[in-house]
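Lettered A, B, C and D in written order, each chain numbered from 1.
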Amino acid sequence: MVKHKLQLDPAVREEARRRLLSIRGHVEGILRMLESEDVYCVDALRQIKAVQGALDKVGELVLRSHLKDHVVTAHQRGDVEAIVEELMEVLKYR
Amino acid sequence: MVKHKLQLDPAVREEARRRLLSIRGHVEGILRMLESEDVYCVDALRQIKAVQGALDKVGELVLRSHLKDHVVTAHQRGDVEAIVEELMEVLKYR
Amino acid sequence: MVKHKLQLDPAVREEARRRLLSIRGHVEGILRMLESEDVYCVDALRQIKAVQGALDKVGELVLRSHLKDHVVTAHQRGDVEAIVEELMEVLKYR
Amino acid sequence: MVKHKLQLDPAVREEARRRLLSIRGHVEGILRMLESEDVYCVDALRQIKAVQGALDKVGELVLRSHLKDHVVTAHQRGDVEAIVEELMEVLKYR
């Protein structure tokens, strides 16, 4: 574990929240779509894929911020091993 | 486009809804997490990844159902080209 | 297991071979690149990613052919369960 | 662009070469497989997927090494922006 007071950049945190609010709305849209017995599988798959894409963007945002603010300074802080391993874990099948 | 009255199987639709309700809850959990200025990037990334995994499962469910109910009968129905192309589209970078 | 004499379409087989020959060449290019002690990690990563992209294309080719020639006729052949399950398996984290 | 004499760690370079030699062999195995007109699509897809998995492992190896040796020291070196952007690029749809 990284011993830290490492925190997500406030502006990125705000942008991530904004996007996740929109993602929640999108999920609710799929929920409504699935109330209809006429829904077609591929239309549901397309919506799920769109939400995945939107989540990818949030992940990208947070990842870039983490790299810039915390990973590039790990050597100076002395927590290289922990920073790298937790990052590798989270990058698997992103 | 597939001309159809092809519909998502009701039991699968119900299961997909159940899972998406849980996914909405998970997204709301991340939103609450992001209200705190102490949130750590990697913790946010882990939660995003968990939601992606849960969405993968819903997609898998709907995909299997679509294959079983609609794709394997496309030749008899006579809409092979449309069924295959829309499926290939939706499978890209799933 | 699918009991079959289901075969990959000859033209697709030929195209897949052509692409895999080029992929083999690309892998050999990376091998030569890695002989140099000056190689930069990100350059290696870019080449690996390019090969992955080329393999995705071959996979797409074979998958589309499989869908068109074998999956859409599974109901008539009577091997729906086997065809769908082996396909789901191979699509995981494609 | 990162201005550098940043080099891939020799031991990792050797391990990556070893694995890529095996991957080349695997690709050649698929090429031989595709010479037979009896080859079944899903068997080809399984082999392609196995090669993708092996390439993922090489990528993981090189990425971890890059993070440990170059990314965590970027702040001291003063090339944060370049290091982060090229990394984000290479991580897309890994």
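In this text, a contact is a pair of C-beta atoms (placed from the backbone, for glycine too) under 8 Å apart; a residue touches a chain by one contact, two chains touch by 3 or more.
No experiment lies behind these values; they were computed from the predicted model shown.
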Suppose each chain is reduced to the average of its Cα coordinates; what separation in Å results between chain C and chain D? 17
Interchain centroid distance [CA atoms averaged], chain A/chain D, Å: 23
Measure off the straight-line distance from the CA centroid of chain B to the CA centroid of chain D, and report it in whole Å. 29
Residue list for chain C, restricted to those that touch at least two other chains: 63, 87, 94
For this assembly, give the contact graph shape among line, ring, star, complete and other. ring
Inter-chain touch pairs (all): A-B, A-D, B-C, C-D
Listed in rising order, chain B residues that touch chain C in their complex are 60, 63-64, 67-68, 71-76, 80, 83-84, 87-88, 91, 94
If we count contacts the way the header does, which residues on chain B are in touch with chain A in the complex? 2, 4-8, 10, 13, 16-17, 20-21, 23-24, 27-28, 30-31, 34-35, 37-42, 44-46, 48-49, 51-52, 55-56, 58-59, 62-63, 65-66, 69-70, 86-87, 90, 94
